[in-house]
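Note sheet for the following structure.
Going by the order they are written in, the chains are A, B, C and D; count residues from 1 in each one.
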Amino acid sequence: MDHGNADRGAAPTMSRRRLLQRAAWTAGAIATGVGSWVIRPDWASAAEPIKVGIATDLTGAIGYAGNANANVARMLVKDINDAGGILGRPITLLIEDTASNESVAVGNVRKLIQRDKVDVVLGGITSSMRNAIKDAIVARGKTLYIYPELYEGGECTPYLFCTGPTPAQQCDEFIPWLIKNGAKRFALPAANYVWPHKLNEYARKVIERSGGEVIFEEYYPLDQVEYSATVNKIMTNKVDMVFTTVISPGVGPFFKQLYEAGYAKRGGKLACVYYDEDTLNINAPHEIEGLASCLDYFRAVIHDDPASARIQAEYDKQFPGKILLSAGSGATGMYRGLKLWEAAVKEAGNLDRDAVAAALDHAKISEGPGGPAEMVPGKRHCKMKMYTAVAKGGNYDIVARSDGLVDPKTC
Amino acid sequence: MALLEARGIKKVFARLTALNGVDLTVAENEFHGLIGPNGSGKSTLMKCIAGAEMPTQGAIHFAGRDITAAPPATRARAGLSLKFQITSVLPALTVYDNVLLALQAQDSLSSLVFSRTRGPLHERVLHTLEQFRLAARAGDPAAALSHGQQQWLEIAMALAPEPRLLLLDEPTAGMSREERRVTGELLIPVKRRCSLVIVEHDLDFIRDICDVLTVLDQGNVIESGPVAQVQSSTKVQEVYLSRV
Amino acid sequence: MADESVASSAHRSVSRSGRIAIIPIVEVALLAIFAVLPLVLQDYLTIFVTRVLILALLALSFDLVWGYAGIMSFGQALFFGAAGYSVALLARDLGITSVFIVLPASLVIGLLVSLALGSFLLLGRHPPTTIFVALGTLTGSYAAERLARGWYYLGGQNGIPSIPTMTAGSYELVEGPVYYYLAFATLVLVYLLCRFLVRSQFGLALAGMREQEARIAFFGYRVERLKAIVFTLAGAIAGLAGGLYAFHEGFVGPNMLGVVLSTQIVLYALFGGVGTLVGAVIGVIAIEMVSFWLADSYQQVWPIILGLLLLLVILFRPTGLIGLLVSERERVGTFGRRPRTLPRADHEGQHGPA
Amino acid sequence: MESALNAIFDVLSFGAIIVLVVLGLGVIASMMGIFNFAHGEFVLLGAYTTYLVHSAGLPVWAGMLAAPFVVAAFGLVIERLVIRRFYAAPIAAMVGTYALGLVIRESVRGLIGGLYLFVPEPIVGSLSIAGVQVSQWRLAIVIITALVMVGSYLLLTRTSFGLRVRAALENPSLARASGISTSAIYAITFAFGAALAGLAGALVVPVFSLFADLGIRFLIQGFLAVMLGGVGTFEGPVAGGAAIGVMSAALPWAVAPVLADVLVFVIAIVFVKLRPGGLIAGGRV
C-alpha cells in the first residue's frame, strides 16, 4: 500500500541526515541490533560476494513497515547463503534507511550505488519515495531496482520491476464480491495523494461496471483527524459501502466517528484495500467489525497454503514482536522481489544488469507468502494470488480466493 | 510664525487623563523650559511632539506642517530631534559609530550601501565628538562610558543631524554637579543653530539656559512666559510648595 | 584584509592594535578547505558536501534576517521551497534546464515571495512585534507546505520527481565535482555580497535597528523599509539556494517548504553563532558532518542527542560556536571603509576631508 | 434539520478539543509571555501517561486522572531547569522549547515504536439527543472542557492565589516589592499550564489514538489561537481556540477539505494582522 509520504503535512517530518530526523525504536524486532547494517555471509569464499542493497523506512512514521521489509530481506539472504549462495557466490546484504524523507533517502541510496556498488536495490514504500530514488538507482546509478509495495500502477521505467499488487489486482475480483454481498451505494473518502486518486479512478470503473453506484468521492489532507462533515454526508445519503483509502493518523478517528454515528448499526459496511494485521490495532475491534480487505497475503492463508505456513513460522521464529510479516507493508512484495531476482540471476548466470533484467522479465517462483508468482513478460509487474478477507473480532477470516494468478493489467 | 505650535493637546490613557488640552509655542532659536511636578504630563507632551505617542485630541504644527500623526522618521527628517529620558545609546557599538549612525540617518539607501558618505561624514563626527568632549573615547564601546558621558553622547547624537528643534527629556538626570555644569556649557553654543525644548527638575539649571518657561500641573498649563515672569507668579509657587 | 577598528586610525591615544581579527582567518581557512575538498573526496561524499554548501546558503539568508536585522523568520524554507518548486515546474512543463535561466529565476521567485510575505507582515500601521513576525512566517511556511501537499498539479504528497539535469549550453552539470563548484562559487559570491553589505554604512543602520529599533526611528531611519529590504534580499538568497537544491537532488517535495526545514535552519544558525555570517556556515557544516557520522550507528538516538545539544547551546552559549573564538567587540564588527588619508586631528588643524 | 443539529454538535466538540489543547498554551503564552513550542509534547505526555496506565491494566479514567499531575510535575522540573532562563528572551524561549519538544517527541516515538496505538474511552458508545447520534465521549469532552475553563477562570479571578498570580505576571517588580515570590508563582503557573496540556492529551487520545506527532499536530493551531484571541488575558486564548476549532470543523462543510485546511491558517493570520490586539485586546502584546 502506498502509504503516501507518511510525513503528515501537519506533523513535520525530518530526514535522518537532517537535524531533526525521527527514529523508531523497533522493540526487539531486529535481531542484529542497531549498529550492524551490513550482514556479511558467515562463510568466507574465494568468489567475490554478490551485493544486495535494501533502501527502506527504518525510521519515521511508517518505520514498522520498513522494518518488516528489512526483516524479510535478512531472513531470505540467510536462507540463500545457508544453501550456498547464488552461482556459488555468497550474498552481502546492505540496508540503508530512507527515513520517510526523500532528501535523506536520495543521499543514502547514492551511498548504496556509488560506495557499495550493489548489484540490485530493493525497497521504497511510499510512491513519493519511489519517485525520489528511482532516478538515482536506474538512470544515474545504472542499477536494477525492485519496488515491493502495492501502489497505483503505471510505473513503466525500464529496469524498474514492481512486485506489489496493483489497483486491478485489488479491485477486479474484490469489488464484484462486495456488490454480490449487498454493497450498492459506494462512498470513496480518500487521503489526498496519488495512490488514492489512481485507485479510486480504477475502482469507480469496476463499481459502475458491476452495477454499483458511487455517491461521492472526496479527498482529505493526510493528517485530518476531524471527519464530522464526511460522516454526515455518508449517513444522510444512505451510503451502504464506505470504500476508503484514508490512511493514519486519520483512518482511526474516521472509523470511530463513523461507528459512533451509527453507520454499522444500520448495516453499513467498510472496505479498505491496505488494511492488514498492522492496522488492526488502530481501532477497537467493534469499530471495524466486518471490514473487508483484498491483499496478496493474510496470516489466515497459512491454513490452506503449506509453503506460506512454513515462511510465516520461520519469520515468527526469527522476528517475534510487533513488526509483522504483512502484505500492506510490502514485506510480502519484498519476499517475491528477492526470490524472483534470485531465479533471474541463476538463469542469467551473471550479474550484468541487462542479462538479469532480461531473465527477470519472465521469472517465476513456485512458492511464496500467499502462493506462487510470475512476472508478466514485457510489463515488469507480476501476477499473484489475491485473497479477500473480513475482520472478525480483531482477526481476519479469508472469505474468497482468486482462482488463479490475477493479472496486474498495467504498463 | 512660531517654529512649533501645539494646540489643545489632550492625551488619555484608559482612565488617566495625562494631558488635558495643552498649548505650547516655541519660536526660532528659543530655549523653552518645561517644568512641573512629577506626573504633570511633561514627558507625555514631549512624546506627543516627538511622535512616540499619538495625542487623543489636538494638533501639532512644526515649521508650518501638520505633524500630529506623522511617524517619527518623517518628523526627524523635518528637523525635529529627541533625546529619550532613559539613555538609549547603542552599547555594543563604538562611540564613533553611535554618532555616525545618527549622522547618516537621512542619507539615501544607495549611499549607505556603498558607504559613499563615510568619508565626508568622518569630519563632522570628529567635530561633534570634540564638541561634547568625547573625542578621546571614540574607539571605545558606548557601554564603557560613564553615565554622564552617555547622556552627552546621546545629546550629541540628537544634535548630529542638525535639527531645527531639539527635545531634551531630563538630560541631567543622574548627573554629578560638575557634569551638570559642563552640560549647561555644552548646550550654550547649540543656541546659535537650533531651538530647544527641555524637561528638567533642576530649576536653577533651567533658569541658566532657558528664555521661556511653561509650567504644567496635572495635564494643564498653569503659567507660560519669560523666566522672570514665571518665577514671580504666585500660582507656580503654590503648586511647587504643595506638590513637590 | 583585517579591518582594525576605526578608532586606532582616528586617534592614536587609544591604540587598539594587537587584537588580530579572528573572523577573517576563519573565513579564509574555510575558503581554502572547501576549495580543494572535491579533489580529495569520493564522489558520493562530494555530493553530500554539495548539499551542505547549499544548506549553508540557506542558513546565510536566515543569519541576515535574524542576526543582522532582528527579524525572527521561521519562513526561509518557504522561499527556498517556492523557488525549488517553480524551477522544477519550469523544467517539467517547459523543459528549461539552462543554469543561466534557472538560477536567476529562482533568485527572482525567492525575492517576490519574500517581498509579498514581508510587506504583509512587516509594513502597515501597527509596527509588528517580533513574536507576530515569527508566528506569521511560521504560519506562512506551514500553510505553503499544506498547500503543496494538497495541490495535485504540484504532485501533492509526492512532489515533482525526475527533474532533468541542469545544463550550461550543451554541457550537463551533473552532480559531483562539477555541481559542487557551481554551488561553492554561488556560496562564496553571495557570502562576499553579504559581507560587503553588513560592513557598509547600511550594516551600521542594521546594527542600530537590531539593538534599538524604536530609538533609531527618531534619527530618521524608516525602520520598516529597512526590514523589508533585508527580508527580501534574504528571501532572494533562499530562493537561489532552492533552485540549486532542486536540480541537485533531482526532485522537490513538500518537505522543502515546511516548518521542519525552517526551524532546522534557525537552529543551524544559532548553533554556529548568528550575526557573524561565518557563524551560520559553521553551524550547518558542524551539524551536518556530525549528523552524517553519528547517524549511521546511533540513528535512533541521534535526534535526541541533537535536541539536547541545541538546547544547551541556546541556554548557555547564545553567541554559538563562533562566540567561543571571537570577542564581542569583533562580533559586532566595523562599518564602512576607513577613509584613506586621515586629517590629523586637533593639533595639525583641519584640512580637506579624505 | 437533523443534519444541522449534528453539524453544530460536531463543530462544537472539535472546537472544545482545540480549546482544551490551547488552554494550557494560552495560560503560559498570554500570561507569562513564553511561547512554549514544546506544549504539543506536553499534550503527548498526557496521552502517553494514560496509555501506560491503561496498558498496565488499570482503568482508563485512572490514567486520565493521573495524566495532569504527572505532566504538571514534569512541567515543574522543566520550568526550574530550562524555562526560568527564558523569561527575558521570548525568541530564545521559542527556539529552546522547540529543541526541548524534539527531545520529548523522539523519546516517546522510540518508546512506542513509531506505531499508532489505540486507547479506549471510559464512556463508550453514543446516544441520540433529538434524533442526533452523539458520541458520549465527545460530549464528555465538551462538558469537561467547559468545567475546566470555568474552574480555571474562577481560580484566577476570584481566589487570592489567582490574584497573586495575576499580580506577579502583570507587574513582576511590583509584586516582588510587595512580598510575593514571583519565581514560585511563575513555576506554579507553568506547571498549571502543563497540567492543562496533560489533561488535554489524556482526554483526546481515545479520539485520535496515540502517535508520536499527536502534540505537534496542534502546535501551529495553538499559537494562532493565542494570537487570534489576544495575548495577555486568560479569556483571549479561549476565544481564539474556540474560533480556530470552529473554523477547522465548519470549513470542510462549505469548502473542499484540502482548501479548508489551508484557509483556516490564512484567515487567522490575516485577522491577527488587521487586529493585532486580537479578539480580546487589552492584555500586553
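The criterion applied here is as follows: a residue touches a chain if its C-beta (ideal position, glycine included) is under 8 Å from a C-beta of that chain, and two chains touch if they have at least 3 such contacts.
All figures in this text were calculated on a predicted structure; none of them were measured in a lab.
With every chain reduced to the mean of its CA atoms, the largest distance from subunit D is reached by B. Looking at C-D alongside A-D, one finds more C-beta pairs in contact between the chains of A-D. Averaging C-alpha coordinates per chain places the centre of subunit A 37 Å away from that of subunit D. Work out the mean CA point of subunit A and of subunit B, and you get 75 Å between them.
Separating the CA-averaged centres of subunit B and subunit D is a span of 48 Å. In subunit D, the residues touching two or more other chains are 102, 106, 110, 220, 258, 261. Counting partner chains per residue, subunit A has residues 9-10, 12, 20, 22-25, 59, 192, 221 touching two or more of them.
Pairwise chain contacts in this structure: A-C, A-D, B-C, C-D. On the subunit C side of its complex with subunit B, the touching residues are 5-8, 10-11, 13-14, 16, 197, 200-202, 204-205, 207-208, 211-212, 214-223, 229, 328-329, 332, 334-337, 339, 342-343, 345-346, 350, 353-354. Interface of subunit C with subunit D (complex): residues 72, 120-121, 124, 126, 128-132, 134-136, 138-140, 142-143, 146-147, 150-151, 259, 263, 266-267, 270, 300-301, 303-304, 306-308, 310-311, 314-315, 318.
Residues 8-12, 20, 22-27, 59-64, 192, 218-221, 223-226, 228-230, 232, 235-236, 248-249, 252-253, 256-257, 260-262, 281-284, 322 of subunit A are the ones touching subunit D in the complex. Listed in rising order, the residues of subunit D touching subunit A in the complex are 3, 6-7, 10-11, 13-14, 102, 106, 109-111, 113-118, 120, 125-126, 133, 135, 138, 207-209, 211-214, 216-217, 220, 248-249, 252-253, 256-258, 261.
If you check the complex, the residues on subunit D that touch subunit C are 35, 82, 85, 90-92, 94-96, 98-103, 106-107, 110, 220, 223-224, 227, 231, 258-259, 261-262, 265-266, 268-269, 272-273, 276, 285.
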